[in-house]
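Once you've had a glance at the structure underneath, I'll fire off some questions.
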Amino acid sequence: MASVSSAFLHAGGQPPPALARRYQSIRATTVRLCQPLRAEDQQLQSMSDASPTKWHLAHTTWFFEMFILSQQPGYQPFHPDFGRLFNSYYHSLGNPPARAERGLWSRPSLDEVHAYRRHVDEALLRLMEQPAAPQTEQAVELGLHHEQQHQELLLTDVKHALFRHPWRQAYAPQAAPVSPVQTPPLCWHRFPEGLRWMGHDGPGFSFDNERPRHRVFVHAFQLASRLVTSGEWLEFMRAGGYRNPLLWLSDGWALVQQENWSAPLYWEERDGAFFHMTLTGMRPVVPQEPVCHVSFYEADAYARFVGARLPTEAEWETAAGGVLIAGNFQESGRLHPAPAVSDDTSGPLQMFGDAWEWTASPHLPHPGYRPEPGPLGEYNAKFMCNQMVLRGGSCVTPASHLRRSYRNFFPPHARWQFSSLRLARDDAGSYNPE
Amino acid sequence: MASVSSAFLHAGGQPPPALARRYQSIRATTVRLCQPLRAEDQQLQSMSDASPTKWHLAHTTWFFEMFILSQQPGYQPFHPDFGRLFNSYYHSLGNPPARAERGLWSRPSLDEVHAYRRHVDEALLRLMEQPAAPQTEQAVELGLHHEQQHQELLLTDVKHALFRHPWRQAYAPQAAPVSPVQTPPLCWHRFPEGLRWMGHDGPGFSFDNERPRHRVFVHAFQLASRLVTSGEWLEFMRAGGYRNPLLWLSDGWALVQQENWSAPLYWEERDGAFFHMTLTGMRPVVPQEPVCHVSFYEADAYARFVGARLPTEAEWETAAGGVLIAGNFQESGRLHPAPAVSDDTSGPLQMFGDAWEWTASPHLPHPGYRPEPGPLGEYNAKFMCNQMVLRGGSCVTPASHLRRSYRNFFPPHARWQFSSLRLARDDAGSYNPE
Amino acid sequence: MASVSSAFLHAGGQPPPALARRYQSIRATTVRLCQPLRAEDQQLQSMSDASPTKWHLAHTTWFFEMFILSQQPGYQPFHPDFGRLFNSYYHSLGNPPARAERGLWSRPSLDEVHAYRRHVDEALLRLMEQPAAPQTEQAVELGLHHEQQHQELLLTDVKHALFRHPWRQAYAPQAAPVSPVQTPPLCWHRFPEGLRWMGHDGPGFSFDNERPRHRVFVHAFQLASRLVTSGEWLEFMRAGGYRNPLLWLSDGWALVQQENWSAPLYWEERDGAFFHMTLTGMRPVVPQEPVCHVSFYEADAYARFVGARLPTEAEWETAAGGVLIAGNFQESGRLHPAPAVSDDTSGPLQMFGDAWEWTASPHLPHPGYRPEPGPLGEYNAKFMCNQMVLRGGSCVTPASHLRRSYRNFFPPHARWQFSSLRLARDDAGSYNPE
Amino acid sequence: MASVSSAFLHAGGQPPPALARRYQSIRATTVRLCQPLRAEDQQLQSMSDASPTKWHLAHTTWFFEMFILSQQPGYQPFHPDFGRLFNSYYHSLGNPPARAERGLWSRPSLDEVHAYRRHVDEALLRLMEQPAAPQTEQAVELGLHHEQQHQELLLTDVKHALFRHPWRQAYAPQAAPVSPVQTPPLCWHRFPEGLRWMGHDGPGFSFDNERPRHRVFVHAFQLASRLVTSGEWLEFMRAGGYRNPLLWLSDGWALVQQENWSAPLYWEERDGAFFHMTLTGMRPVVPQEPVCHVSFYEADAYARFVGARLPTEAEWETAAGGVLIAGNFQESGRLHPAPAVSDDTSGPLQMFGDAWEWTASPHLPHPGYRPEPGPLGEYNAKFMCNQMVLRGGSCVTPASHLRRSYRNFFPPHARWQFSSLRLARDDAGSYNPE
């Protein structure tokens, strides 16, 4: 996601009723996520990378209207100008409005946006009652994954907006007190070299940037058993990590100085102790929790600090092969990464949920990649430069949204997502021939 | 007004009941001005020079609470943080929040701000029922003039915000169709040289920057009988006024090129005809109406184009001496400058109301000027650099707010106020001795 | 001078031989000022406000070529493109090249520029041998005053460039050790209110912005007997002057924070003591010397700090009326302001030379002002906005360049000129009638 | 090269006399490249990415002094401050001066820099006469490759500086008239899928970012037989390539609009025909020549326009395997890319020399990469983000500098290098298992 994103069905599948039920459920979830917020909160755009809650509500609806309903003969758009106004970045559909202006659109009001949602929902559910073309089903499926991406963005954008207000209000009350836990010590899982298959293949949904499934030669590597914790990050800070240029990529160091970074985003020192903004308000930093809201630059510098590196996408996907997709997702209601807890499997912990893991891999096309034809070709393909891939989902990602092949992406300076890191390192291996 | 501003009573006066009635009336007017707007509209900050409607509602209330109520023993502030949050620019009262962040404050909500207004109104009216110290009466008077300044800013800021939205919605419906009129031809009033008195003196209210009354030598001059019209401005445009560097001050020309100015703010060409944004929506430019939303640089260039110049403050105030303070003010409900109509007086038309008139005079202290002691000393004094004086009030200024000595001020590039111009020129006169 | 500037003869005068001698002398002085510099030094443009030495050498020559020689029948320009290349800001003569690019013009080389100077000098001296039209003499006179302005700018620009180099090399060796002196204590000269004549009138040269001579009413005032010293400025710094927003104009305070100003330009603290860059290298700050390289904002803040204010132009010119134009000018070779020394006159000290004195007056047209017709109308007129007037000349101004009516001007943030301040305050006086 | 760069000897080799001869030859070449330029030309820094010629002369010398001579007991640095002044970006060696300030260093003069070069050359040649440690030999080898990188940068930086001057002077006269040729039609070379070895291995020199040699799985692909020509680029321009957002990466399109790109850097339209700046002056664009001075964004958009893509590094290196390293390098004296000429080999043309070829690959560490220990670890490693790899060398690269594994790198927006493109496309291949 450069910010938003989407997907295209590779192959059809689900019978319509199930799809309709999933449609209703996912659409209702988006609305539910807004309930703690007032109309004025939902108007805020705290930086140009973020969007107002109200815009997310409208744009996800626009997606269904534009790519499905407007293809239907006789469909009347809800509003003559919404097609233009809520276009995010699809130049194929006209010149999109300037992104940074979204916070200036007090009209339509929140009530009108909800009416828009209901209008589109009714039309779409009516459409789904009829025997639908596979293409329509695929487009609905895509729209639902798109909506789930925006559910996550809605929460990260709200968190950023609430942080900019001097009051630092909580988005929601804390679900339950966090009981102190012992983090399992970091250990290393070893993976041998070999030719691996990577990317999505199968009957289910995937985005175009996960395809095609292809081979890649992966050298022997080791992967850390869990995410880096806030406690470990504090050691980095205390050791002068943010003041030592030798740990940083050149562009990262320039940014550290320009922005005066000295801790992850949302951290604040008060009388010698660190607090950070969470969706449940300002709270003391818990050393056992995974660190998050760090940029790729910070993740990379930390890895160098401890003599390790970030894993590549291919390494991560190789390691994720045998791990069950389960963890601390949006549905847990925790809204923050949780400390790692040992389980009875032998694989790495926290591979899914909690926080996105920066990889060492830029967002590039898989070999043989073909963007979708038509406007949806703009969904991912044009963001294949200056973006780094993140893997594994976060505490605000819907569980049903993730796949092992899922590729999230953000620029290396981005910090407002729930982004963390897992260490990797080379394993002994022969690089040179003979 | 650098943007906001205020005033200090020079001398007391009005018996409390009358003051209380005026208090209620002016405070109610502010609320009434917001009625066409929804909560989300009132949240918008479309540029850092402008403020959200909701902020104006809160800040004007803050002014009464901070400078009057909080001086009263036992007064409980409505909210512990409003004192800090709604401070505009008074460093004496603590470090004011960054101006450009006002649009990010979704909290307090509009409802809470109205509750704040009611709380302060009740406390203040209760206070006014008691025999009040003259100082309190003076402070109330100042607060009312401050509130009136913000009524004007509220409307100009809303106009700017509505213009930034692609829909260009009207703030209010047009009161009545504008009937075509004949503009009286421009003629010149002559004023002889002499030593003049300038500035405010008397029992009524004035801001500190209008004082003291002092002498100034004014050379013989001529003043135009009315404001420059949009029709005349179109001639300037058609003659290449915006493309000829020789007409412009150096800083103005740099801005013309940087911002690609080719017409007043809010003007747009559609199929060869000019329309402009008004508070009643997009409307064709009416040639007979005064041009407005021009910067000082544009006003100065236009004057040079026609071989004239802008009047100085002293000239304007000299000419205004015999003119009745009446005209197209906020109370007319027109919300836009109106064409000049000949009257039976022999003085210049449109001296008051319609649109502010840029003068050739920077906002400097009058000789003998003393800023008010205490925090209110920050009201005007620190804006005495890089600001030009405007005179005469506009169609969104409350009539009771104006005086002949009233000095409004904005930077020479500002365009979002109802700013226009009146021409002046030298009259024959002896400059050199003997 | 917005940076450069010029002048127009008001009335002719000098017989040609004398003018030719002055021409040769002033032109030779410019060349002599460059002698301590190498070709590479003369190429530097350390900020867009400053110009390379080589450019000053060429532009002053261009001035004579453009405004005199190119009017002569049969004159062959030295180079076909110099007319365009060395135009500073005269739009009447074509689109001037971007000012900030001057440092990129390695061609023509310094040698070629000197050849250009010789070519123009020869042609001009030949022209002056003939009976010249008064207009030509006036233009030569103007060109010489223009050249003298650039002599000063050349030195201030070189100082800035040398300061940007880590080595802080001296432009010239120090002429003589500065012997410690006792600064006379600051006292106040009183001037009564009255109608005064101001501006230039007479047979000699003046710039258009000094004219016409006109009347102005000046209220009673007091003027300090000398410039503010570096020692006094240190007290301001130690009292937190740079950290107290209440002392500053609003725009000044914004700049203090943005630029982290904590001392005059060129000052640096080393082990608790202050040093500053001078044209003779880094030297300890001498408390008895006038402070310089302060902006208008700083001068204004200092004046407020001590309960005084800056004088207006009219006050300064009134006070200068009886003072002899003599002092520490370029010819002294000191290249830095000198401590005040009591003399046997009863007037204020240091009115001329040492350092320019910021006044409280913006650079506005005198009443009845008319810019010169033709291209020279761009010399001063278009800089009559956002500029403050400085008076009195400096240690790098040629003595013969100054007049009592001389108006130098720079934006309020400018610091790289030798700019200082003298205090003023109101004297008892009646402001209100009756 | 982020701008500069370096290398570390992987294995020793050459006997000292040969190395000394190469040292003398390469150092002399650098000096020779400056001969067409005057001292003032060599002072210019036309943008912060570029450096003055004089700086290149000094910094390459600094490299030998810092990494070799200063390790020798008893060596006296030529100047006490050059160690700090001419440090490019090695934080291990202290805080490097701001890159954008290099153009402000008129001192040391060009003469002094040449004296510095002679001083270091003498000391180094003396050192090489003695039996040297292998480490010293390796460091000399690295310094020579470093110097060759700067020879190329010196020429591209000078080209940029001369272009910024309105006169567009040539760096050198054109060696010989370009005779019109017929460009061979573009055809495609096919390469099958397979596991390939990539990276440097062997006794000769390589930079650390070319190592280690490692395996990579390369899918079947096709590679164009020559570079894209200026004639083909004109078709792209005429077809609206610079105005169609659907052809561009998102960041590229933002830049096209912000910078108003409508042609490669250095192109200018004059009366309907295109000219461009070359090192031999402004010349008509020759359709048969390879296009150059295009950014990665433009190269990528062009490839999309013709339904192709850029090759990956691994593809390029695979294809280069059997191609002789020969072509239009610095030694040809042409100083500009030349049209492709068919030869009798069966491989792709123009793989080496003429112009760097943008690849689709970001500059990432090879698997198993280890930066050099010590300060030289900063040479390449910290530029492994936001940079794209270019391959094959250019018309200003010394022939002896290139290798098949050589990785040049610049940010995707950079245009001032001799950067061009070669097309690639997928070949039929099975991506999914089974």
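Each chain gets a letter, A, B, C and D, in the order it is written, and its residues are counted from 1.
We adopt the following convention: a residue touches a chain if its C-beta (ideal position, glycine included) is under 8 Å from a C-beta of that chain, and two chains touch if they have at least 3 such contacts.
Remember, it's a predicted structure, so these values are computed and weren't measured experimentally.
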Comparing the two chain pairs, does A-B have more C-beta contacts than B-C, or is it the other way round? B-C
Using the average of all C-alpha atoms in each chain as its centre, how far is it in Å between chain A and chain B? 48
For chain B versus chain C, what separation do you get between their C-alpha means, in angstrom? 37
Could you check chain A for residues that touch two or more other chains and list them? none
Every touching chain pair, please? A-B, A-D, B-C, C-D
Quick one: which bits of chain B touch chain C in the complex? Just the residue numbers, please. 2, 89, 91-92, 195, 197, 199, 201, 212-217, 219, 245-246, 248-253, 296-297, 300, 360-362, 364-365, 367-368, 378, 382-386, 412, 426, 429, 431-433
Can you tell me which positions in chain A touch chain B when the two form their complex? 38-41, 43-44, 46, 54, 81, 84-85, 97, 101, 103-107, 109-110, 161, 164-167, 169
